[in-house]
Amino acid sequence: MIVIMEVGATQSQVANVATHVQAMGLSAHIIEGQERTIVAVVGDERSEVDRDVLTALEGVERMMPVLAPYKIAGREVHPANTVIALGSLTLGEQKVMIAVGPRAVETREQYLTTAKQLQRLGVDALLGSLFGSRESPYVREGMGGDGLDVLVEAHNLTDLPVITEVDEPEGVAAAARFADVLLINGHSMQNYALLKAVGQSQHTAILKRGAFNTMEELLMAAEYILSYGNRRVVLCESGIRTSDAYTRNTTFDVNAVAVLKSKTHLPIVVDVGRAAGRTDLVAAIAGGAVAAGADGLLLEIEDDPDAAARPITERHRLNLAELEILLRTLKRIAGAVNRTL
Amino acid sequence: MIVIMEVGATQSQVANVATHVQAMGLSAHIIEGQERTIVAVVGDERSEVDRDVLTALEGVERMMPVLAPYKIAGREVHPANTVIALGSLTLGEQKVMIAVGPRAVETREQYLTTAKQLQRLGVDALLGSLFGSRESPYVREGMGGDGLDVLVEAHNLTDLPVITEVDEPEGVAAAARFADVLLINGHSMQNYALLKAVGQSQHTAILKRGAFNTMEELLMAAEYILSYGNRRVVLCESGIRTSDAYTRNTTFDVNAVAVLKSKTHLPIVVDVGRAAGRTDLVAAIAGGAVAAGADGLLLEIEDDPDAAARPITERHRLNLAELEILLRTLKRIAGAVNRTL
Amino acid sequence: MIVIMEVGATQSQVANVATHVQAMGLSAHIIEGQERTIVAVVGDERSEVDRDVLTALEGVERMMPVLAPYKIAGREVHPANTVIALGSLTLGEQKVMIAVGPRAVETREQYLTTAKQLQRLGVDALLGSLFGSRESPYVREGMGGDGLDVLVEAHNLTDLPVITEVDEPEGVAAAARFADVLLINGHSMQNYALLKAVGQSQHTAILKRGAFNTMEELLMAAEYILSYGNRRVVLCESGIRTSDAYTRNTTFDVNAVAVLKSKTHLPIVVDVGRAAGRTDLVAAIAGGAVAAGADGLLLEIEDDPDAAARPITERHRLNLAELEILLRTLKRIAGAVNRTL
Amino acid sequence: MIVIMEVGATQSQVANVATHVQAMGLSAHIIEGQERTIVAVVGDERSEVDRDVLTALEGVERMMPVLAPYKIAGREVHPANTVIALGSLTLGEQKVMIAVGPRAVETREQYLTTAKQLQRLGVDALLGSLFGSRESPYVREGMGGDGLDVLVEAHNLTDLPVITEVDEPEGVAAAARFADVLLINGHSMQNYALLKAVGQSQHTAILKRGAFNTMEELLMAAEYILSYGNRRVVLCESGIRTSDAYTRNTTFDVNAVAVLKSKTHLPIVVDVGRAAGRTDLVAAIAGGAVAAGADGLLLEIEDDPDAAARPITERHRLNLAELEILLRTLKRIAGAVNRTL
């Protein structure tokens, strides 16, 4: 931690800062610059209390932290990549995970058929959302809790790991019993009771960045889960919000993948989603994500056979044939950056 | 709902849209412009299903909703202001509610002393946060659930309504038994299980906008609570995130108060918070909020007597004497815009 | 400047940084922390060159500047407030400047009539925009360069200082001859040739922050003007862009006024503009600005007498009677925070 | 244009809107919904005047434009792609343009050597910035206007088109004489005098989106150039600003490429820049851009041979060998999406 003194701070104010620092059991190094004096504090700076006291001292202008506020999630303490075994895949190594599913599990038959088709295409994991979007109280999607059995059936049928979302602490135990991976959506990223329950579950979790949250907030949310002893945490980039009204104010933050990779040892995946049915956007986001070093992709597919038969312009999601073409493109992009698919 | 056809859409494509609209039990009005044709749909447009089908039809470029997606929260259906009785105050009328409390309830004695002092200053409600900030798993603030009794004592001692935060669905019943108003923080704004529990509780709730959420998202979150029959909902503006690194990337969105007032009949309050101990910012935000038509203010106070005795530059929050001066200033600002304090 | 070494940087890498620092004629202080080593550099850090070389050395993770990149604009070197005499007003002292004008100067007669009326209301300065908005190549507003004479007439008629915008370097000399203050709009904030011409003119200039620029960028743009020897620079806050689609994605950044006040000694004014004809927003922004410590306000008025006679709901701008009421309200708000109007 | 009436608007208010619409020579279609009435206006809606008058009528809540405000730049009127011959390349067809250069032209010898090397690598165009960054008045980069001759020499030596930036209207004529393409930087995107000069020059221009501007603002800026008869306009995506402090608050908006492609017929290129010397980011951005349909890439290279010999961790920009590897990767990515490099 660096304490920056005000211009014109007196020697006794500087000395007072040093005294407070030493009283906390830390050591202080005073450095006089041409315009300002700074005090470098050596010790564990991840305690908010110290900071409040020091900032409040006379002559202190502000503090500059040297260390990241997250400890277990950061590369500072754990430089080596975390890898997580998931089915036959090791997430965080050379192979890029491809996880695919419909927007929501609507019926048993439909989901099992889709699962079987996806298995044949060679995907690594199944997405099994039981609730879909919850943006409006007037729209219901998915089978809800009744669909948990279907997830087990899909797993047994395909031998693929199944990923399902958790939205509240009480749902964690059931989801962990019926599915292989828990997905925490962006709007739940700072649901601390949920993070605690997932942390205690020791189950593999994918934590999605909220459309409006910073990377540091994502890493602090991961730190919550990690701090309860669960080290099977995967970070997920999704759309970020921009000032632009097109495409619902969001874009994919391609830089974030590479920046997160340098900050944390946890695997990073990218939720490509439906990207508004635009195959051009899906390819762009997925391609950019793989090129940027993403360890996996989450993709949506149209599972209603009637809908899937309509022309691309009449659908929001890829159909099976389009997915197959996309995977072939992605395989070539992955190869171009020395990854496999 | 307006359906905008692509440039060059054919007559049969337009007719097909009209057919689909009529099949949904709605009526369609075709209007041919110089460059584009549009189809105006008359009926209840708050159903997502219709929109998905129509957008997907050939020749359709996009949809423009005419009605807001929230119904109970909007002024479209309920033009008159909602007013909520809270202690001796009627929130949503001429008097501006002043609710004050420390950052967190740390000890029984300290909180009761502060409550008594605030009562003498004439505030309308007490803030009683039992948890404080939860941004880091390494920082603990407040008494937690053990402090619920203290909230009741404070209420009995002062006869003032007490406001406390709820973070998870299971906490709602207890909080509703011990406190008068439930506060939903910004990071919980889209915790749908929590919104449901608060909706079912029928207890007065203050719903804070997340630092990164849009006003429409805030109104949709309110709609969740309202849709469970709880009409005692108050909206709360707090800081919004900007691209600027100063002041932790946030500013108070003064325009939002007036805009929300025009969109919804619910009362609007503003969380001024500690505003980093800068009395100039507290006065600016509070003054702007009152001038913009806010129905109430939430303010933080330094409750540790040792800390409160230090000079303003060494504190993050106002002390009692500074609060008294601020309230006098705000009373004059309120008077200037025909409100009372 | 603080150089932060990577975790695991070797002693020889640290020594190499120190050697490079000393070779630049600066001194280096090495501080070994528990997780990281830092090197504090003492000397003039406002030179980009040093930073590039140091960042590129092996073992260096990043640099943290201690000093602001602007020197003349900052309070670090010039702690006392800059005050600027403008007509009978001293900008930057207790009186809040009120500058008013129409959206654009449309005809000689109309503008002179408006100027006379504004003088009677007691405003401190006249806004005389000759071009209005330029957002679309298909919309023309204002008299353009032909109106320069009218500005002089308005000044002679009212004895009030006149403020007019400059958009290109070649326009600076003429504007400086015919008007008292040059206004640089937000979209010209980083037009460096214009900043240079204004800097060389030695004329009083108001520099508006772009809706999307940071405060640091505003201060660096001011530094350009100041570095050419022109010290008569006033900063102007206007709307900032948010992620919200209401109110054209902008809000007034009330915090910025107080934050800028602490960073710079230059006077700060606020462009309240037309705020979409909403008197509630005008009052909120103006009231918040005055409460936050703004040294002046720029306001728009409806100058077409036919339009001004229509009900408020049919206008975008205040009429004269409404302005008079607003000024009375603002006078009371200013009094509440110990300013005068 | 759709006029949305307030809830509760009277029949005579609706009729009044229709009368005003007809008085403008347009036709009005009244559609009564369940909650609101709307009036669809048929005619040329790109005139701001109409909108102001209509919005101001009693009973009108707001207007929803149906057509984009830009006409020449939009696909609505010109559906076919614009292609621009540039050297041996046709920009806007299958081949992706690769334009490379140093951060700034520092000396004649260095730039000519670099140009020769780039020619051997098979790039399509040379970047020749004479000024570099202008963010600080204390930092000077590049040869300035003295370097114009060098650009001609580089062109003659390599037979490659040369791209150079223009910052002010007076510089356009000289730049157009010495270089093949004019580059308008993001901070000049709304410099209307510059846009006019470039429009009148009839020279090929690349217009960069400001880090904080919306896509609509970019298209309106392009409309300025186009409206002066210059149809050789290329749009350029660069970083957009986010709320995140990492990577200097910017990210590449990969969605924007595909969205712009659907809105406009103009070619779109992407300024990958130096991306902070991180080859992972350069590859991610470039790969995503190509996958998204970009027609070209602008890349920076280290041209100082001493600097270029240092390890990658000690440089901000790629060296020649790394560029060669990147181009090979990009060729494979381009192939994966049916483009060539």
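Labels for the chains are A, B, C and D, by order of writing; each one numbers its residues from 1.
FYI, contacts are C-beta pairs under 8 Å (C-beta built on N, C-alpha and C of every residue); 3 or more make two chains touch, one makes a residue touch a chain.
Just so it is clear, the structure is predicted and the values come from calculations on it, not from any experiment.
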Could you figure out which pair among A-D, A-C or A-B mirrors the C-D interface, over half of its contact pairs being identical by residue number?
A-B
Does B-D or B-C have more contacting C-beta pairs?
B-C
With chain centres taken as the means of their Cα atoms, state the distance from chain A to chain B in Å.
27
Based only on mean CA positions, could you tell me how far chain B sits from chain C in angstrom?
31
Which integer distance in Å separates the CA centroid of chain B from that of chain D?
39
Residues within chain C bordering two or more other chains:
212, 241-243, 245, 249
Partner chain B, residues of chain A touching it in the complex
46-49, 52, 55-58, 69, 71, 134-139, 167-170, 187-188, 190-193, 210-213, 220, 223-224, 227, 241, 249, 277, 307, 310-311, 313-316
Can you check the complex and tell me which residues of chain D touch chain B?
2, 4, 7-8, 29, 31-36, 38, 40, 42-44, 64, 66-67, 75-77, 79, 212, 241-243, 245, 249
Applying the document's contact rule, which stretches of chain A touch chain D when the two form their complex?
212, 214-216, 240, 242-247, 250-259, 261, 275, 278, 280-281, 283-293, 329, 332-333, 335-337
